[in-house]
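Each chain gets a letter, A, B, C and D, in the order it is written, and its residues are counted from 1.
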Amino acid sequence: MGGAVIEILISASFWAAVLRIASPLIFATMGELICERAGVLNLGIEGIMVIGAFAGWMAVYLGLPLWGGVAVAFGAGALFGLLHGVLVVPFGLSQHVVGLGVTLLATATAYFAYRLALPEVTTPPKITPFQAWEVPVLSDIPLLGPALFAQTPLTYAAFACAGVVAFVLYRTPLGLALRAAGENPAALEAQGVSVSGIRIGAVMVGSGLMAVGGSFLTLSAFSSFFFEMVNGRGWICIALVVFGAWRPGKAVLGALLFAGFDALQIRLQQTPLGAVVPYQLFLMLPYVLSILALIAMSRRAQVPAALMVPYTKGER
Amino acid sequence: MSETALGAEVVLRLDQITKRFGRLVANDAISLTLHRGEVLALLGENGAGKTTLMNILFGHYMADTGSVTAFGQPLPPGQPKAALAAGIGMVHQHFTLADQLTVLENITLGTESLWSLGRGRAAAREKVQSLSRDFGLAVDPRARVSDLSVGERQRVEILKALYRDARILILDEPTAVLTPQEAEALFQTLRLATARGLSVIFISHKLHEVMGHSDSCVVLRHGRVVGQVATRDTDRRALAAMMVGAEMADSAVAPGVAGPVRLSLRGIRAGALRDVSLDLRGGTITGLAGVSGNGQAALADLIGGALLPEAGVMQVDGAPVLQWSPRAAIGAGVGRIPEDRHKTGTVADFTLAENAVLETYATRFSRAGLVDWAAVRAHTERLIAAYDVRCPGPEARIRLLSGGNMQKLILGRVMEETPGILIANQPVRGLDVGAIAYVHGRLVAARDAGAAVLLISEDLDEVMGLSDVIHVISEGRLSPAFARGALTQGELGLWMVGHGFGEGAAHAA
Amino acid sequence: LAQEPLKVAGIYTVPVEQQWAGRIHQAAEAAKAAGVVDYSYTENVANTDYPRVMREYAESGVKLIVGEIFGVEAEAREVAAEYPEVAFLMGSSFMPDAAANPNLAVFDNYIQDASYLSGIIAGAMTTSGNIGLVGGFPIPEVNRLMHAFMAGVRETRPDATFQVTFIGSWFDPPKAKETAFAMIEAGADMLYAERFGVADAAMERGVLAIGNVIDTQADYPETVVASALWHFEPTFDAAVAAVTAGTFTAENYGVYSYMQAGGCSLAPLGTFEGKVPAAAMELVAARQAAIMDGSFTVAIDDSEPTSS
Amino acid sequence: MRLEPVANPTLLRQLGLPALALCATVLVAMALALLAGADPFAVLGQILTGALGSRLAVLETLNRATPLIFTGLAVAVAFRAKLWNIGAEAQLYAGAIIAVLLGTGAMGAPFVLPVSAVVALLAGAMLLLVPVLLKVRLGVDEVVTTLLLNFIMALFVSYLLEGPLKDPMGMGWPKSPALIPEARLPRIVDGLRLHWGFALALIAAGIVWLIQTRTTLGFEMRAVGANIRAARFAGMPVNAVLVKTALLSGGLAALAGWSEVAGAKGHLSLDLSPGFGYTGIIVAMLALLHPLGVVVTALFVAGVFVGADAMSRAAGVPTYIADMLLAVALLFMVLAIALTRVRVVRG
């Protein structure tokens, strides 16, 4: 078995697959991370990814360019983010309930709208998705080139997005305010910045990114919208944020690790091992290893102090 | 202080401020003026409305009626941002710092446009460092707030205001959590500030601070101004009388009658404690003086059962302690008044009744795993009456009580079990003079009933006034026992900063 | 006097985009368009809710209910027993029980004949002899077609090896696609596209694919060589006719999916016309004829296929 | 703008706001119906008929509420102690597995029902115990571990149903053998699906309520949830309380699966639960974590879903409207409940 694994690990196509699988997770994980850093747990993520997958695809299907679809997905996600934000920030409603409610609403809305828009179709129509774009020169590097630099633009965008999130979070006043909102909102308010504004804004932008992650599935990874195609990816991102200890860099690493396990299990299923080991065990691999990794690094994680704590002015 | 203050221009004017919370009138037509360079002390019992008034001034709350004028310009109500822009800086009673952020980040938070790319960190650090120098506020800008002591955190709070070029500084009970040294340094800073034209309002329950460091005093009672005097025209007695509305009798505490040793520690190492030996005797108040953070918490936790000794022997009533935990400690007759009544002493969302039996529900108020709520209620009603807890009733949430009343309930909860050993950790922190006298009276009564009381306090006056025996704690080490009156305040202060330890004979007793 | 269209309801546990349910839905829609039936449907019904939806339709005056009771056999049969005047035509792995449920007939996608033929073509078109199969779950409906397909492959390529993977979901085309990519990397040059996403991977990597249940060649003209198609119309029409005539009984309608009944077929080669070796096409023709006249039967094997 | 608590909300406020939330939901339903080309004015009637209009409708609503009461209780118990158990779904399946293991012939009447119930309870408890021990001992975030366990459990069930627990007579379909009749919970009404699991759920709600309000354990669980530091200082065995909470919560969630298999289904399949574990979170929070409130909110959630689903058929609109309306009703309702206790004021 060791030999098979090593053979897989040194193939460029394996690493290319890892980046592909990780891309939607990175977008959505960054989105969740922004929300949580501002103090809001966003369990709407799974549904927001669905609405993003749907809205982005629908926009392109109706004639918008691909990047237009991405923008529409972001907008749709931000809209549901606004709903989540308004309910949990100024009104201080339970973040668990609203999150699950938003997931239900966003999912059902996407399905309902899809069925209304395309009542007669039984084979989902296709669009022309993002095509792989080989970075000149870099993609010619042996092994690394085809793995890292022959991806679709949306994959490059995912990594760029993580970079931007890290920069904003740690290098700009906005990021500072956002972190403060998640650590001690009273400190932020005392400095004259609106906690509600920051938190709602963070949830909107974060939800937008989640939706872009969803749209990756319909605009890059595949070319049609399917019911249930998000398939739990949103929940994984919740875990990835914790796994990444609320830091963008570590979270990206987590996404890559998770994607790595996923790409690995797909390939392991085809080794002789696949004939004897039930396939469910392979599918479990990423989840089990996530838990083990969490245990390994549990002591060091630093939860935002005000995560899930509603803030109301003039109360203590 | 300075004579110039009162004649100087008016920088701040509160006019007829009224604020209601439901039926309660927290501020009742309060008017007040502050002059340039003036230090104004705001006094009043717990719940008199001081914090509310300052919150209105700063824009956290909106007044029902009345107006605020700063530097001649009316302040729009309910906008901290506007208050900040008008040059008002506020240091809250409960600090508003984000623990995981650095000092510099806390200070610059919200001072730059949120949409600018990048932060001018070098320039900001420069400015913070020069402010630190100018005002004697030593703190490392790169340090994480979570790593700072309480005193340092307060310096950060003040730096926050100064960084924004505040002209008016408001401090809500700034010294409640400070050691005497830190408090002295704070007033030093305030002197430097007023010398540069800043104006200061500070809230305090400590009359000696008010007398020593303010130009004028405003006293609130039940939401109204009951007096405004120049500090030099008044004295502590008069102020105290104004606050509580009656003369206060100064009570000298008679010495206790020492009984047998109830608790003894020998060579204990635990947490911050290094080789500590200590005897607590019945009928005695043992005072523990020291600058906070020198092992008081560890000692209290150790005796209270929250901390296990790593080495050494602990004996309760002559028997060595084997199994030790909060529950075991309570069972062994240790009563504990915790340092932080909000975080460890009470469950804010529980009723008074539930809080009253937090330690005894299982032993005294249950049968076969079922809680006897009728008995709990009766017990609580008795406590409320016996300990003068002012509250709507046993079913009210304790969150609604003022600090003093919360403390009285905790006191009752502990005393009612007639503990043989009583640890009182900062028992009067943040309380008004009336409440302080009450708590002290109860501690003495417990002593006279035979309890061994350990009084932990940063207030030397309190320790010296109440204790029969005094130890000083410094860097986890314990001084020898000093009898009442054996050392002067100055000599104790020397021990507190570490002199006298390590001279061999230290662990007699 | 024009006859009232028969009231028919479809209940599916998946959205109608799912190929299996989609073929039923299409047949019913076609009958509706022809004015034969008055058809309504509910999709994505959780098995927990399935008996309730059956009851609701039964009580609303529907005469024929079409659906799938693989996950709710016992409960569904109980419901059917309570509404003897309603006909139930249900996808099921079990046989009808005339004694307990005279009004419940069963069917399934027995299109192994067409799958077998598509396998013959696949075997002829692969050069590496390495064929990848991506499935959702290893259920009988999937397994039997995979086995038939592999049997067909062995006719033209006895040394063929198979990679079989189940992705644990009906609807995760990106995952199916990734799985297909991995198979191509491992040497497959022919894929059996049981799920959406597989043909996409084949197209991107320039290898070939065989379709299943539905014809997707229009979307992948350079990729999908042949498809085994399921035609639900014979099943549906037979049931409607029986209900209308009042002769609906607890039959096994599975045979209506056989090639002999017109229930399945090999899709036209279309863009691959002339590109498949003639010998293979001759074999296909011969086998098809044998299947039609009953001299050849494709084995039905519902066990879970594994890689070889 | 800020919120100010309303000390004594009037009856009008307490009833009016939720009523308003329901009205708003109906308006949304009408708008959606209009969008889908159906008659918007028939919608309300169709929902009501669907949820309550017949004996069948009522019993189906009660039936669908049954697992939600169990999972709602499970969540309420855990959340009260600030133990964020998002894994009721996995614990539900643990109970279901036990119902199959013990109910397919391993044991006969009269023991099989009580024994399998107790073992199911323990199985669910054990499943939650692992994340809780990880939290208590190592500080591993239980939101994530319980969430991930849902996926692992789903795959494990899939493995069982295609492997050791596969029904040999099931024609290859991944489901378990049927329970023997002695292992089934009898029906309350002959011929319809409602079974004694519903009654057990009501009893469980009563018991949980008694535990929370009357027992020392309940007191400890609430204290640990409200202020863990104070609880520890007061000498409560905090870790033991968390473990006991986990046992109770996991056990209740497992009963949901057990009662679905022993009561409603008679066998285990992959899709036993359409998210009952997650919906339980909604049910519990809507009930403000009150065990008796859970019964009411579970009935509400079940009723809205069943009614809206039936409406989708009556009105001929896509079935997804049911989930949309459930979500809308839920969000309006939590908002309304919150607004009964606070009011929006300027300042």
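Methods note: a contact is a pair of C-beta atoms (placed from the backbone, for glycine too) under 8 Å apart; a residue touches a chain by one contact, two chains touch by 3 or more.
The model shown is predicted, which means the values in this text are computed figures rather than measured ones.
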item: Most distant chain from chain D, judged by the mean position of its C-alpha atoms; value: B
item: Whole-Å gap between the CA centroids of chain C and chain D; value: 36
item: Chain B and chain C: spacing of chain centres that average the CA atoms, whole Å; value: 76
item: Centre distance in Å when chain B and chain D are each reduced to the mean of their C-alpha atoms; value: 46
item: Residues of chain B whose C-beta touches two or more other chains; value: 61
item: Multi-partner residues of chain D (at least 2 other chains); value: 155, 158, 162, 320
item: Numbers and ranges of chain C residues touching at least 2 other chains; value: 44, 168
item: Each pair of chains that touches, named by its two labels; value: A-B, A-C, A-D, B-D, C-D
item: Chain B-touching residues of chain A, taken from the complex the two chains share; value: 171-174, 176-177, 179-180, 183-184, 186-193, 302, 304-305, 313-314, 316
item: Chain B to chain A touching residues, read off their complex; value: 55, 60-61, 80-81, 83-85, 90, 92, 94, 96-101, 105-106, 108-119, 160
item: List of chain A residues in touch with chain D within their complex; value: 41, 83, 87, 90-94, 96-98, 100-102, 104-105, 107-109, 111-112, 115-116, 232, 235, 238-239, 242-243, 278, 280-281, 283-284, 287-288, 290-291, 294-295, 298-299, 301, 303, 312-314
item: Chain C partner contacts - residues on chain D that touch it in the complex; value: 50, 54, 56, 60, 63-64, 155, 158, 162, 170-175, 178, 191, 193, 260, 264-267, 269-274, 306, 309-310, 312-314, 316, 319-320
item: Complex contact set, residues of chain C against chain A; value: 14-17, 22, 25-26, 29, 44, 163, 165-166, 168-175, 177-179, 181-183, 185-186, 196-197, 200, 214, 216, 219, 306-308
